[in-house]
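Next, two complexes with chain A in common: one pairs it with chain B, the other with chain C.
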Partner chain A sequence: MARVFLENVVKKFGKVVAVNHVTLEVKDKEFMVLLGPSGCGKSTTLRLIAGLETPDEGKIWIGDRLVNEIDPTKRNVAMVFQSYALYPHMTVYRNIEFPLKMARVPKEERRRKVIEVAKFLGIEDLLNRYPKQLSGGQQQRVALARAIVREPEVFLLDEPLSNLDAKLRVKMRFELRRLLHDELQITTIYVTHDQVEAMTMADKIAVMNAGKIMQVGSPIDVFEKPANIFVAGFIGVPPMSFFEGTLIEKQKSLFLDLGSVLFRIPKTYYSALHPHVGSEIVMGIRPQDIKVTLEPQEDSYEGKIVGYEPLGTETYIHFTINGTKEYIAVIPRGMRISLKRKVYWKSNPQKLYFFRKSTGEAIY
Partner chain B sequence: MGAKRKLLKGYRGGLLGSPLKWLIANIVAWTIGVLWVLPFIGIFMTSIRPFSEVVSGWWSVSPFTPTLKNYVDALFNPMFSLLRGFMNSFIIAVPSTIIPVMLAALAAYAFARFSFPIKNYLFVTMLFLMAAPQQMTIIPIFFMLNNMRLLNTYLGLILIHSSWGIPWITFFLRNYFSMLPKELEEIARVDGATNRQIFFKIVLPISLPGIISASVLQFAWVWNDFFFALMLIFDPNKMVITQMLPRLKGQYQIDWGLLSSGSVLAMIVPLIVYIIFNKYYMGGFRGWAMKK
Partner chain C sequence: MIASSLKEKLIFLTPILLITVILYIMIATSIYVSMSDWRSYKISLNFIGLRNYIELFSNPRFYAALRNNIIWIALFMVPTSFLGLVLAYIMVSTGKELIFRTVFLLPTAISMTVAGTLWVWMYASEGAVNTLLKAFNLSFLTKPWISDPSTALYALIFVTIWQYLGFAVIIFEAAIKGIDPSLIEAAQIDGASSLRIFWDIVVPQVRHGFLVAVPLLALSALKIFDIVYVATRGGPGLATDVLGYFMWETAFWSRFMADGAAIATIIFAISLGIVIPYALIALRRWFR
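This part shows the complex of A and B:
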């Protein structure tokens, strides 16, 4: 069991800075998810911890050891790749046994441990098969078994569920969390681009973009209190709708000038926003917090439907205010809508987010 | 309609597009195939019949008296026993396959996966020197072997074939290795394997198709070699099969039966090797694909 600590780590590939001054602490037994779009540096960060890449700057600690100069062989971490990377020429038994063999564990003990882990994961019937004779889900269990068997200090998983079909993915999501976090209690770093995985599995999420960590926090934290526009837009399905405009003050009230519409900002935000009067800001509203009706209501604004996505339980509608930018709102099923129809929308006054347009940082 | 369907039984559509294209492609392929195989059939027909029957051409099929006399004569010729040549060829070809494949595999892995100074220059130099023809190098080789007292020895020829094989096998296997999924090696490293263990326990076993196809090609090349053997081996007892063949020709009159049975015997070995390893051999051919 160990804490993992990255201090100001930089990794460059040629001119591309894949990991840009990342500082991240993963506490002992914590389940940390690195979340971000493709190419944001999350896999590279994981590979740096594993020792498959060497940092250009900064320090990496696993437990009390500074591991910068330590070979992956000796870091006592285990890894699971998206492709599972099972050795195709070895049976399941030999695959799971391999790390123990490398660690020169005596044969009898190897046998005992392999069987124990196989039983634990419910793959004891597959031990004599070859990887190509297994289904995706089974292969994944074998990859997990191989990683668990030598009781590593840290578990590193690189998109381990991405190759499974949707149904199995949901099931494994739940099982993995229970296995790694609740039962084995091993420090785990899990890379994914799937925010649902991140939200459901993590103790803490580190949201990454363009090589930098944008925010670290509990799933609820990053959802409720996004630190910047990127996190706000990345977390949440469908993505948050952003309204850009100039903040203006009229008769002791704040308004967001959206061009054709002046959006009245509720009084609760007055003191926080007042210093920004006159500057460009971005207001974010989660689609679930936008209420759409067919008839005008108090404090509602006019909009026009430009598209919709029925999901069964609810429908996402895309609407515009003045014909250029699209916003998304969630409406209950059964509401009668059609393209180009005029609708009225209002926001939940408690659930507004404000960001500086220049830096993207959250104001409120 | 029925006939047409029968004719196009093998047609699966797809890559070749329309049935007409498929038909043309087949005709072309079959024509080339037949033209290619025809000389072999000729040699085979000549080898299994008495000389008197084939004087007017192997294609005249009456009378047709199959016999193994030519083979027996060739194998146990009192002057130039092909059997001896057979054994000599094996003595030369087997080590000349194993040694370069082993050494080149190590070098190829280094070229594929490690970075070291002047790596690329070294690789390009190697490719460049592969273009040198044998005839250009034979005189220095001759003197070198002479100085090493290895002229007219098995070992000398084995060393020359091995060193001639190492560059192209390195090239071939480097391409093969660089196409293997890197993740297998990475996970093995995280699992605690050293470079040596990764190479022998992971990379070599999964590269078996590549190793085998390189071996088959190298074996066939050494087996079929005439030039190096001709220049470096003079002792009739050490001559390889390709050197023995022309001697079956006879001095005053060519015994076509003897000569063709000798040819069949000489080419049957690489053919058998190829048939045995055919499955791997074809799979291994992606080693030729150029990939950085």
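This part shows the complex of A and C:
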């Protein structure tokens, strides 16, 4: 068991900076998810920890050891690849046995451990089969077994669920978390671009973009208190709606000038926002916090429906205020809507987010 | 439009049909000649059955040549394919592919007659090989490499290894590049050293590379002629005689066409013995 610590790590591929001054601490037994869009550097970060890439700058610690110069073979980490990377010419038994064989574990002990792990993962019937004779879910269990069997200090998983079908993915999501976090209690770093995976599995999420860490926090933290526009827009389904405009003050009240509409900002935010009067800011509202009605109501604004996505339990509607930018709101099922219909929307006054337009940083 | 008329199909198929027909006619003709009494400048195609073969099988030179061919195949095919694999692995894993490929492919690009002439000079008593040995104080190892019957065959086999190595490297380079890189990375993380990765992951994964390289190299060694012709003419004695040279000399030097055709037919039969098992494996994969 070990803590993993990355200190100011930089990795470049030619002119592309894949990992840009990343500092990240993963505590012992913690389940950390690196979340971000493709190309954000999350997989490279994982490969740096595994030793498959060498950092250009910075330090990587696993436990008390500085591992920058230590070969992947000697880092005592286990990794599950997106493709599972099972050795196709070896049976399941030999696949699981391989890391033990490399560690020169005596034959009898190897046998005992392989069978123990196979039983633990419910794959003892598959030991004589070859990887190509297994289903995706079974292959994944074998990959996990191979990783678990050597009792590594750190467990690294690179998008391990992305090759499974949707139903199995949901099941394995739950099982993986229970297995790695609750039962084995191994420090785990898990890379995904799927925010649902991140939210449901992680103790902590590190949101990455363009090689940088945007925010590290618990799933609730990154959802409730996004540090910047990127995190706010990346986390949450459907994505947060952003309203850009100039912050103005009239008769001791703050308004966001959206062009054709002056949005009245609730008093709660007055002291936090007051220093920014006159500057361009971005207001974010989660679609779940926008209430849409067919008739005008108090403090509501006019909008026009430009599209909708019925999901069964609820419907996402896309609306505009003055014909250009689209915003998303969630409406209950059964509400009668149609394209180009005029609607009225208001926000939950407790659930507004404000960001500096220039830097994207959160103000409130 | 993909559907094509019969006429179009014929236009495209005719060349390959012609080549195939001509090839098989020539093979059949050669087999027929081998059972004829054509033994001079004048064509004579009287059928005499297997008499030429019986004579050939009682000729000690045939066995000497066959033995040399078998040694050639064994000593050429195994090191060439294995070295090719090792070099390709080093090449791919160090990422210095361009330099390596150029260095190893250069000999392959040279014609065997040129290479043969070059090595005749290198192997000469005062040639490059002996000069180098002397320079390293290894004078006791110097030899007239290709005029000494005990070393001549091996010296020539070495030239063919040198020449075909680039070819083997290219085949295995392609095979190694076909391996999923995450398999190698997984093995690294599982604690395997480079040598273990080579044995336990790379070698089993490039079996299809052997499937391509081994029969092609074996056939090249079976058909070997030019280097022998240029360097030793089968000598000293019969030390470097091979079926290809024996056939050439019989048919085109002595003008014993029928006997030459019999040797050619035997070479053809051995070739089939090498190719058919591989073709069957390939076909089985194809239909699986």
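Rule of thumb we're sticking to: the second predicted complex is superposed on the first by the 364 of 364 C-alpha atoms of A that agree within 3 Å, B and C clash if a C-alpha of one lies under 4 Å from a C-alpha of the other, contacts with A are read in each partner's own complex, and residues count from 1 in each chain.
What we mean here is this: contacts are C-beta pairs under 8 Å (C-beta built on N, C-alpha and C of every residue); 3 or more make two chains touch, one makes a residue touch a chain.
Note that the structure is predicted; figures quoted are calculated from it, not measured.
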(request) Using the overlay on chain A, decide if chain B and chain C clash or can fit next to each other. (result) clash
(request) Could you tell me if A:79 is touching chain B, chain C, both of them or neither one (first, second, both, neither)? (result) both
(message) Going by the contact rule set out at the top, does A:99 touch chain B (first), chain C (second), both, or neither?
(response) both
(request) Go through chain A and flag every residue that touches chain B in one model and chain C in the other. (result) 50-52, 71-75, 77-79, 81, 83, 85, 87-89, 98-99, 102-103, 146, 150
(message) So in the complex, the part of chain C that touches chain A is made up of which residues?
(response) 180, 182-183, 185-193, 196, 200-201, 204-205
(request) Could you pull out which chain B residues touch chain A in their complex? (result) 181, 183-184, 186-194, 197, 202, 205-206, 208
(message) Which stretch or stretches of chain A touch chain C in the complex?
(response) 50-52, 71-75, 77-79, 81-83, 85, 87-89, 98-99, 102-103, 146, 150
(message) Under the definition above, what is the set of chain A residues touching chain B in their complex?
(response) 50-52, 71-75, 77-79, 81, 83, 85, 87-89, 98-99, 102-103, 146, 150, 156
